[in-house]
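Notes for the one structure printed next.
Order as written gives the chain letters A, B, C and D; numbering starts at 1 within each chain.
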Amino acid sequence: EEITSIAILTPETGTDFGWNQQGIEGAKAAGEAEGVEVIVAENLGYGDVRPTLRELAEEKPGLIIAHAGGYNTAAPEIGTEAGVKVAIVDSPDALKAGMVADYTASGHEGAYLAGVLAAKMTRSGTVGIVTSGEPPSWNAQSAAFAEGVKATRPDAVIRYAVIGPAAYSDAAGGKRVTESLIAAGADIIFGQGNGSSFGMLQAIETTPAGDGGKVTFIDVIGDKTPIDKGYLLSSVLWNLTPVYQAMIEDIKADAYGSRNYDINLKDDSVALLKTDQIPDDIWDEVMAVREQIVSGEVKVTPKFDADSVHALVSGN
Amino acid sequence: MTLFTDTFLIALLAGVVAAGVPLLLAGLGEQLSEKAGVLNVGIEGMMLGGAYAGFLVAWATESIGLGFLAGAFGGLLVAALMVLFCVRLGLNQVVIGIALTLGAEGTTALLHHVQFSRLYPRLPEVPTWRIPGLADIPIVGPALFDREPVVYLALALVPLFAWLYRRTHLGLAIQAAGDKPAALDSAGENVLAIRALAVLGCGALVGLGGAFMSIAGAGVFVPFMTHGNGFIGIVLAMLARGRPLWVLLGAALFGACLSGSTALQVAGVDIPTDVVQMLPFAAVMLVLLIAGRNAKLPSALGAAYVRGER
Amino acid sequence: MSVEAMDEIEKPRALAARRREILDLLVASLGPVLAAFVISGVILLLMQVNPVSYYGYVFGRGLFSPTGVQATLTRMGPLLLIAASLIVAFRAGIWNLGGDAQFLIGAVFSAAATPLMAPHLPAGLALVIGMAVSAGFGAIWGLIPAFLRAYQGVNEIITTLMMNFLGISLASVLVKLLFLDPATTVPQTRTLPVEDRLPSLFGTTISSGVLIGLAAVLLVHFVMTRTAFGLRLRVVGANPGAAIHAGLAVPGLTIAVFAISAGFAGLSGGVAILGQYGNVRADWNPAYAMSVVPLVFLARFNGFASIGFVALFSILSIGSESAARRMGVPNYFTLVTVAILLILLGLSEYRGARRRQRAGA
Amino acid sequence: MPDGQAIPSAARPISGGAPIVRLEGVTKRYPGVIANDRIDMEFHAGEVHVLLGENGAGKSTLVSMLSGLQQPDEGRILIDGDARPIASPAGALDIGISTVFQHSMLVPSLTLVENAVLGRAWWRRPDREGTAARMAAMAARIGVSLDPMALTGDLSLGERQQAEIVRALMRGARFLILDEATAMLTPHDAARLGQLMRRLASEGVAVVFITHKLNEAVEYGDRISVLRLGRKVGGIAPETLRQMDPQAATGEVVRLMFGTHDMASGAAARVDPATVDRAGDPVLEVLALYAGAAAVPLHNIEFKVWPGEVFGIAGIDGNGQKQLAEALAGQEPISDGRIRLDGAFVDRLSIGARRGKGLRYITDDRLGEGTVGSFSVAINLLLKEIGAAPYWVQGFEKPAEITENAREKIRAFDIRTPSAETPVGKLSGGNIQKVLLARELTGTARAVIFNKPTYGLDLANIAATRQRIRDTAEAGAAVVLISTELDELLDLSHRIAVMDRGHLAGIVANDDAARRKIGELMSGVGE
């Protein structure tokens, strides 16, 4: 099947060093590689996305990527209605031959590695997890991070706090909660949030750890190196380009909708960011764990529900 | 390792202040405006205006003090529109209030998009003033008496406003402007000037609250970062029945609930976060259910004053 | 707040006067729209965007393209029901600002119940019950403020705002803990299959929710302006002292107003779910009520004018989403446009009120 | 004059010189009416200038222009000979014009003292104690007693009016406007105020006095101007007035106002107490009534009213009259005692149910609860009958019937309104009162409570209203008439009770000794 264009819809703008930016940049890169045009519809919010979907569908792109959990009811419906292929997230069961495919973008494997890294680098033996909410993909990473920490250093303490139920833009809340975690002894913070993550970053930059030393930050999805002031320890990077590229290739091969896509350590679509803060020996140890995961020796199962996360972190 | 170390308790208490101060400023501002008869639904917008302007100036001039000033000015600027449309021209206060909130949300998000969205500049830590003696009290001292000057200013405003409302002619005039503007007018006072003053004062306070969020609270500006604090401010003002002290209590309650929910989570108490977040609102509803009594609002609240109209 | 400014008399008037009034209305509503476009056009120019093509896209999509109009009409459905909810309350002097929570509670319960019923009942019946459920639970969510206001005199602005925060959280909790669709990892309720939803109109994508919305606004307008029940509510709203003096059962009427108003808001949630969305996700809040509040005020609580403003708002929001994307303008710009429009509509409403005042109401 | 001592005309200061304020062709239009039509008028220092005119004649409109609340559409106002607009109330106060408005201009949520200091420099601290002392002194000077620290909202309308007079006097104005300032005062207090006006005039103040009581006009006025339908239709200059005896002056004023001479004599002769048959069952029985929670608690109130009887309640305003009326109507909860209407207990019934049984209450708070200001006259005329046939059929409005009803009542009660659709709040005070009367005095009433029914009405309307009260009684209803005007009570009532601090100090038959006995009861002698 011919494919000349794809469209991607994101709930927020593609400048968040996170979910939206990775999605849009991934789509653009995939488009470039495959020689198809990419239509971007960003900042659509989480409300009523159907009109935009229908409008895009009218332009008959070869594929519509609905890059938000909130779009995964609407997109297949409109896709079916308009006869356009769609890709949605986090819905493995929605697969429909020639029509709907899912990509579960979960960085849990990477988060596990981040946990290993944190456990090896914490001076205080306490690490913190801050999230701005509890959507499934963040739960999966929180849980895997906690597992990674525990597996590496069973005596480590994990402190966990959520800013608010939907506090994606609550930067002040991010800072306040992060400060509490630092006060509770954490010297490494694993942070997940959109706008609020900048508040976390600021807390880390301005609050010394209990021992007076530096607190460091492990980010997710994007790469904040360009705006780092020396506190970024690492990041669980997501690269969606291979996912989108595979989709386009499957469409070309008339195989779309026959399989789910994901990101994983194996093909480096999930990777841990190496920064100068990480000593080489520790990095090598972490990379060894990566090999174990890739080879299946260590198994990281995603846990998408908040309860699992709470169970893992409350065992302190 | 025990969790409830001094450091942690200090952080929690400091968290109450950090979450409570913007609410306190918003509540005091709204109270001022409501007392004078202007239902200011636009304070969310004024807060965002203050948050943006404060951050912008603090970042550009590298002066925290100028930043706070600019924050107050940013809120004042949005309030000036409210004065023009609602006080001077007498347009519907709810319509304009919501319009100003939407407009400020859109404008600040646009400006942010253009200026900051690739760099997300962050400010250095805000210097604090240590109050000798008091700051040495264990736990309470570092959390309350070694703070940003704006915190002291906000707290000082509580008795100041109580004094203003009860002890000055201006206070009486403000109350008259809200309760029976025609009476104030016929006494030779300029109703519109009083209302304008109150709304501008409200804007400056609320803007300062917004600036506190962006400069001290977060150290960055992100779109929509006030996320409903203005509306809680409206609720606080109405609950307080005209008394500044009650605004302080309300803001402290909300701040304590927010900080307390963090404490519960950090301690690993397993309650769904949504449930924890409902606590302050549920607490207020419970208080209203048990001690529910007439929340008397100024009788001309929301109504434009036009001389001689009947 | 006072409703005194509202013109209370709608009487048959001479035809010529009617015609002039309609003309006035056109000028009064189109004038500000044009002015708003000029002002936002200037802003667009500053952003180096061609305003003509921008607004070309806005109206091309929102008003003149077939699928755009369909989207506009579909979006109007829940908004109109919210308008109906607000008209009842505001005319009765009750400032129900808790519409968003009432909407969500209605939506959540109807989303939880209907997919379970749909396989076992005739489709129409399941939908009717689903809508009744949404209205019922919306109304229930309005009861606490109602009783506090009716029997304790507690100001409803506070209580409805509080119940709003509570209800938005509760809706999420319900979705996450109680009504979760076990088949997905994303916290959302079971999805009502497309074929079981409210039928779309004439083979288009227009949801029949818009008809329900129109019917509701017209019904409410008629009841409030032409019936004894409506007049009683208006008396309570305009002067509660006079209502007591006239022997009206003020507490009962207050509770009735809350129930009707919150019921319509809940129904709006039900219609949104049963007609469009099919399920409710955790943390979902389209905040329709906050958008409709200023529109209903601008309409001076008049049903017909509310329909007009809701239509304008829908055209603009559907159109701008499209224009923003095509022109590379951040979507935030829509907020600015809506704000400017509201202010200018407010200004023209004010000028109209002045004129009516001078001409003798 | 019942109480006040008449001041001999000769003792009046001769006024003269240039007027402080002069109106030239002043015109003010409102939708549908010309409230003031090319008015020329002068106000001199040392003169009490009385403005007379029927309800809606435009007196208050004139006042609102003099006090800066409204601007004339045409014409000009000269201050001390200069054409200077009075741009705002502040401007009026600067010139020295101080006004007591017809409708209260006090802030209910402030105390009297705080109201008195409104308008002073913002930054200054309100001098509550000092002001209170000066207020009390001024009150003593005009012979009223008030508590300067009382919250205005807790006071009766009469007390508020007294406070406003005191406040206006405290400002030490050289131009004092009193718009129906005696409407709520007892004759005694009105006389004191009259004397004060004379004293102020002799000190060189220009006083504008608006009243509907011709005796007061003739008694205290130096100059009289009469307005009719917005026009100045005539007046009596000081020289003429000084030479006329009160009778002749009254006659002349009546002629100017109504075009006839015999208006004042329209009042029928005093009722004969013997006409009521007390052998039968009373219509209204009040048994040991208590209302503990009321602003003025009621205690142990007992009385019965028989068919055809007018039961008057006298007393200084604020002694629980309003609370009693509201307790009877069902608006004020009672703590003990019973109320019987036609033999059946009604004290557990709601307001609406009592009305259904034939109990009517005409409130004195015509703006606050009597009407809905933004609603049309037509709807206000049916405010207590919403839903009733033929105006509503099965809940649906019948606009034709509603309008027809309004037309009829507007005609029958001479309500001056541009149309039946005009919002009632736009009418003049007296005409709003007529709307209230028209609403309550139709249909079948068994017992009617009138609370100050003629307050603010002009002479012709007072006469008409009094006649209606008589008619109501004669139709077999029991009438409770609350009034601060002793003459009105003596004219209409069969028996008169005196109310004092929440209870009935005594009930006297309306015979020749009634006036003296009531006076004794009011001053506490009867206890």
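General observations
Going forward, a contact is a pair of C-beta atoms (placed from the backbone, for glycine too) under 8 Å apart; a residue touches a chain by one contact, two chains touch by 3 or more.
Everything numeric here is computed off the predicted structure, so don't read it as measured data.
Between chain B and chain C, the least number of touching-chain steps is 1. Separating the centre of chain B from that of chain D, both taken as means of CA atoms, is a distance of 47 Å. Between chain A and chain D the centroid-to-centroid distance comes to 76 Å (mean Cα coordinates, whole Å). Our note on geometry: chain A versus chain C, Cα centroid distance of 36 Å, whole angstroms. Contacts with at least two other chains are made by residues 4-5, 169, 172, 176, 330, 332 of chain C. The multi-chain contact residues of chain D, meaning those touching 2 or more other chains, are 373, 425. Multi-chain contact residues of chain B (touching two or more other chains): 113, 223, 272, 274, 277.
Counting only pairs that meet the touch rule, the chains in contact are A-B, A-C, B-C, B-D, C-D.
Contact residues on chain D toward chain B in their complex (touch as defined above): 64, 67, 69-70, 88-90, 92-94, 99, 101, 104-110, 114-115, 117-126, 373, 425-426. Considering their complex, residues 61, 67-68, 71, 74-75, 169, 172, 176, 183-188, 191, 194, 205, 276-279, 281, 283-287, 318, 321-322, 324-325, 330-332 of chain C touch chain A. Chain contact summary for the complex, chain D toward chain C: residues 30-32, 329-331, 350-355, 361, 363, 365, 368-376, 379, 383-384, 386-387, 392, 395-397, 399, 418, 421-423, 425. Residues 13, 15-17, 125-126, 134, 157, 159-162, 164-165, 167, 169-177, 179-185, 195-196, 198-199, 201-203, 205-206, 210, 226-227, 229, 306-307, 310-311, 313-316 of chain A are the ones touching chain B in the complex.
Partner chain D is touched in their complex by these residues of chain B: 167-170, 172-173, 175-176, 179-180, 182-190, 298-299, 307-308, 310.
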